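I am attaching a structure below and will ask some questions about it afterwards.
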Amino acid sequence: MSRVLNPRGFASDNNAGVHPVILEALREVNQGHVIAYGDDPYTGKAVAGIREIFGAGTEVFFVFIGTAANVLGLSTVTQPYQAIICPESAHINVDECGAPEKFSGCKLMTCDTPDGKLTVDMIAYHMHGIGFEHHVQPRVVSITQATELGTVYTIDEISEIAGYVHSHGMLLHMDGARISNAALSLDCTLLEMTGGAGVDILSFGGTKNGMMYGEAIIFFNKTLCEDFKYRRKQGMQLASKMRYIAAQFSAYLKDGLWMENARHANLMAQKLYTAVKDIPGLTVTQKVESNAVFAKLPPEIIPALQQEFFFYVWDEELSEVRWMCSFDTTEEDIASFATKIRSLLQ
Amino acid sequence: MSRVLNPRGFASDNNAGVHPVILEALREVNQGHVIAYGDDPYTGKAVAGIREIFGAGTEVFFVFIGTAANVLGLSTVTQPYQAIICPESAHINVDECGAPEKFSGCKLMTCDTPDGKLTVDMIAYHMHGIGFEHHVQPRVVSITQATELGTVYTIDEISEIAGYVHSHGMLLHMDGARISNAALSLDCTLLEMTGGAGVDILSFGGTKNGMMYGEAIIFFNKTLCEDFKYRRKQGMQLASKMRYIAAQFSAYLKDGLWMENARHANLMAQKLYTAVKDIPGLTVTQKVESNAVFAKLPPEIIPALQQEFFFYVWDEELSEVRWMCSFDTTEEDIASFATKIRSLLQ
Amino acid sequence: MSRVLNPRGFASDNNAGVHPVILEALREVNQGHVIAYGDDPYTGKAVAGIREIFGAGTEVFFVFIGTAANVLGLSTVTQPYQAIICPESAHINVDECGAPEKFSGCKLMTCDTPDGKLTVDMIAYHMHGIGFEHHVQPRVVSITQATELGTVYTIDEISEIAGYVHSHGMLLHMDGARISNAALSLDCTLLEMTGGAGVDILSFGGTKNGMMYGEAIIFFNKTLCEDFKYRRKQGMQLASKMRYIAAQFSAYLKDGLWMENARHANLMAQKLYTAVKDIPGLTVTQKVESNAVFAKLPPEIIPALQQEFFFYVWDEELSEVRWMCSFDTTEEDIASFATKIRSLLQ
Amino acid sequence: MSRVLNPRGFASDNNAGVHPVILEALREVNQGHVIAYGDDPYTGKAVAGIREIFGAGTEVFFVFIGTAANVLGLSTVTQPYQAIICPESAHINVDECGAPEKFSGCKLMTCDTPDGKLTVDMIAYHMHGIGFEHHVQPRVVSITQATELGTVYTIDEISEIAGYVHSHGMLLHMDGARISNAALSLDCTLLEMTGGAGVDILSFGGTKNGMMYGEAIIFFNKTLCEDFKYRRKQGMQLASKMRYIAAQFSAYLKDGLWMENARHANLMAQKLYTAVKDIPGLTVTQKVESNAVFAKLPPEIIPALQQEFFFYVWDEELSEVRWMCSFDTTEEDIASFATKIRSLLQ
């Protein structure tokens, strides 16, 4: 599959490139010497920009990738005999090759969910054996916004989970690899959906929405991350030339680039949904609330379709596929994709 | 210390920015969609470029930073009850916040060295308790080329260590964060100094020599890394948009950019050495064999000097400082630095 | 609950004491000095005794407890990016406080089972993402014999699982904390049910069947445990005065003490089953195939019953309790227990 | 070497057997059922006995062996990015197969010591890089009393170390595998030498002084061990039939058995010292302050001597041997040993 994909496919939002504004930002900070490892003015400025959005009381740290943001955020607030409750479909459970267990020592307790969204009842199922030393002790609940299935928690749903979690002395983590898409979907601020709704730790991602690399971990309570700097370094995630992650975030947040990109990707997903939902033989399987469309197709047409527009089969057994739109998906991409599907299904 | 440093300082080669050719390479690959996580033509091309240098039989993997290259390379060939022998001054021992122990479980057995270079005798000191289950079992020897003290192992010295290591059923790892500076210093090829001299695993760094981020781990024997891809993912070092690391390496290796940068940095270190070595009150403490100058200075002049040209004190007690030159250090930087030193020491 | 229980309860087979023959064995080896850590004739003799049962080609190691036998056995044959498939109800999943994850780094992939027994279909559910670096890689299947629910795999069932497991390049581990009870239940030899049926690694327990402490890990293939001695020491499970574990095993195996104890405990469970199964208001919930009886009771009578005969509630929500019989349970214990239940249920 | 040693050797105090009073205690508690895992009256009584010695404010936990007492005690008060400072010769550094690193993730920072005893100056050497995220952060100092070289810290020496340690926000751990021998040597109470002198965490050993198995971890400050019960279980050190460890401790402390045994072993070491110190060709290399004698011997006589009385060579290169006396060493053992040495050296 080693080829430049043309036209753009629907495999993943990280198959897309980097937004030109981000590239330009890298060029702009490329002058002179600055102290390495984050003690530079560009990093200070990027952190300030993030705090404007999430609150002056937050602590912000940059790492290289989303898996690291999740794993280091979770490790920092857990001890190895504790547990992390998450959906069966969570990225931390199925797509991080066991990094959460390896790095934190914790067990992941998973919940079957039809749409990738946890509920209080699902969490409550795991709340037993508390204080009993033979059992791991639940410490964090992790939710993904938007979920791995493209669905989006409402602010009320997040608040309800946060309330339950906090009333049990636990913390709420949010994997925000696609948090921008969720915010645009809910038409709310990033803060309302995160710290404002009770989230304690946020993996704030940008790579899937036009950045090159770099993610932020945001702690809404400073007491949770007093030793985080050591964990980041020991976790092999302290960038020496930090200014180049910082510059990306500053550009990403300035002038609403993050919103523009996410709005576009979401809109493309809606258009794709509209274009395919009534094609006979195809069934959309999840609500289209962010930049993903999930659908069931007859298995025999999938290879031919993938040949032209690359994408992944989500569930082999169900013949369910995932189509992701990105900041650079075009209406033409969608039109020709839908045409191709229609022709294959006739 | 959060400021843009002007003029350039001598704190670290990673306080420098990114070479323009590297930046341009990022722009060039920024088109269309490609498969994420390395299954793209740019990554294929970069790996091929590295194999041209290190041999067709090598396996090459990209990670984000040098600490990760070291830790994942070492973890892959060790079990937790084994040990890694290295100099006391090794980056893996003093500058990685315990990541090698945390991630591999292994003990580091360290050797005092006057100049950062291991010898067979030093290694042999730790070769006891073999087969005795109460003791950790030495498995890898790790050397740094150029060393953290700016010195350089000759090819013969590396071969001798490799011979000893292999005759004891162990492996030789090289931390090559500044391997380009060493190669230029020895006027040899990268291969002669690594795989050709018996190195089994190499952390091949470029960030300190003009790249933005990204390092390569090179295994000279494929059987050592059959499961490395899982370790990289679990180690939180698998880049999604891999093409941007790959593009940097391709540009770095093409037309000898790595050599040009390293040659310049080494030359600047020689010029700095020449400019300061005879200043009364200053003693150069290590051979200047790569891009570093170590010197003892009266402690009272250090703050004033740092004010203008930032650098680090290496050993507080000895009042020993470290000055690093980089690909963008200029003769003017050196001249004004030396002038400043001279004036402070009068 | 800190009291000597009189009469004996049904809480757990490890609430029982030590069989007098075992105690006497400790006294017998208590003479003179012997080399510590297992290099003594008593350990040699115990290992030989175990090999007589399980085969001359096995490797045998003693540890202190069952959790350690499981965790060290599993850790030895796995790498941290691999996975262990087991029933949701497995001791390694619910009763070891996350020790398998902490020590091995592996993820546990669990299967819902009605009776604590895995099937090939359940295992197959987890067999995807093979070779895909984002996923953990299944490496071992762990089954418990007799299960945590008192049920027993037939030899054919074990063989079928082993066949599937081996055909996928994986290994089969058996948690044999109550393996003696299972062997008596099936009326087969220990070997037929373990190595003979394809088990690769066995935790061979005796503590629940009359020993004081000490378990054996048995590898049916020596190549699996070439470095086990280091893992045991690093796992904090190498006994200095090893002869006292060895002496217990020798006594346990000699003259069929293990069989006598297990036969008795199983028989008591059958008698308990017979005595309670027809009591109105009580429902036995699992097949009684070893030394456990599981039953549903009206929740309101449980505290009164526990007052006199201690036992554990297995599932609070279902009001399901677990009653374990042990080598020293008497017919009188059962009669008075059944009488008490009957009277409370009237 | 697999043989019953007769006459008793000088290899190790754990080559000795179990004191008859301990064996008898095991028999006495062997009646009826009690709750497993420590919630039984025997455990309560043993803990109370230990608290009588070390103070009502201590927390006491039983584990199986000394390595586990050390590793779990240290793990509980550290995070993986921290460091443990100890002598190069410490058991945790050379005899636990890397268990401290594997289980805690921490780096061990070692100090060369002539006699196995740390000093404040040695500790201070490692106290740099504090607050610097590239460095591990010193958190605990671990000393061994009596040391691995048979020497004994005075109470003042311990207090001085504790004062330094605490003034730097760190904790003091004591490996007390031979703490009874030290207490008898100093003629002080166990408390004066531990909590009274500033020790925070104590591994309180009995196995080397007449017990069969089992060690206690004592925390002098309850806030240090609020989650210890989970760490013990996850650390595979929670005994099911806990009463048998408890019974040993109760017997060990009652009527001063621990003192009697330690006094005897120390006395035997003094007699051995007296018997050999003037033999030409033999040099005693360490002060004889507990139950060990270290000596240099001509290498050629060692095998013949070991043939009859087993012991270990401590330092092959120096031809230095270690002779341990135990609670059952007799004056005859010493007389015949000394005679043998004398004859071999003529």
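The chains carry the letters A, B, C and D, assigned in the order they are written, with residues numbered from 1 in each.
The criterion applied here is as follows: a contact is a pair of C-beta atoms (placed from the backbone, for glycine too) under 8 Å apart; a residue touches a chain by one contact, two chains touch by 3 or more.
Quick caveat, the model's predicted, so the values are computed rather than measured.
Engineer: Taking touch as defined above, what minimum step count separates chain B and chain D?
Structural biologist: Between chain B and chain D, the shortest chain-hopping route counts 1.
Engineer: Where are there more C-beta contacts: C-D or B-C?
Structural biologist: If we tally the contacting C-beta pairs, C-D comes out ahead.
Engineer: How many Å are there between the centre of chain C and the centre of chain D, using C-alpha atoms for each centre?
Structural biologist: Distance between chain centres, rounded to whole Å: 33 Å.
Engineer: I'd like to verify one number: the distance from the centre of chain A to the centre of chain C, where each centre is the average of its C-alpha atoms, in whole angstrom.
Structural biologist: Taking the mean C-alpha position of each chain, the two centres sit 42 Å apart.
Engineer: What whole-Å value do you get for the distance between chain B and chain C if each is reduced to the mean of its CA atoms?
Structural biologist: 51
Engineer: Which parts of chain A, given as residue numbers and ranges, touch two or more other chains?
Structural biologist: Counting only residues that touch two or more other chains, chain A contributes 80-81, 96-98, 102, 133-134, 230, 233-234, 238.
Engineer: Which residues of chain A touch chain B in their complex?
Structural biologist: Against chain B, the touching part of chain A is residues 1-6, 8-9, 11-12, 14-18, 20, 23, 26-27, 29-36, 39-41, 43-44, 64-68, 71-72, 96-99, 102-103, 207-208, 212-213, 230, 233-241, 244, 310, 326, 328.
Engineer: Using the touch rule from the top, collect the residues of chain D that touch chain A in their complex.
Structural biologist: Residues in contact with chain A: 37, 79-81, 105, 133-134, 137, 227, 229-234, 238.
Engineer: Considering only the defined contacts, which chain D positions touch chain B in the complex?
Structural biologist: 80-83, 94-98, 101-102, 105-108, 128-129, 133-136, 316
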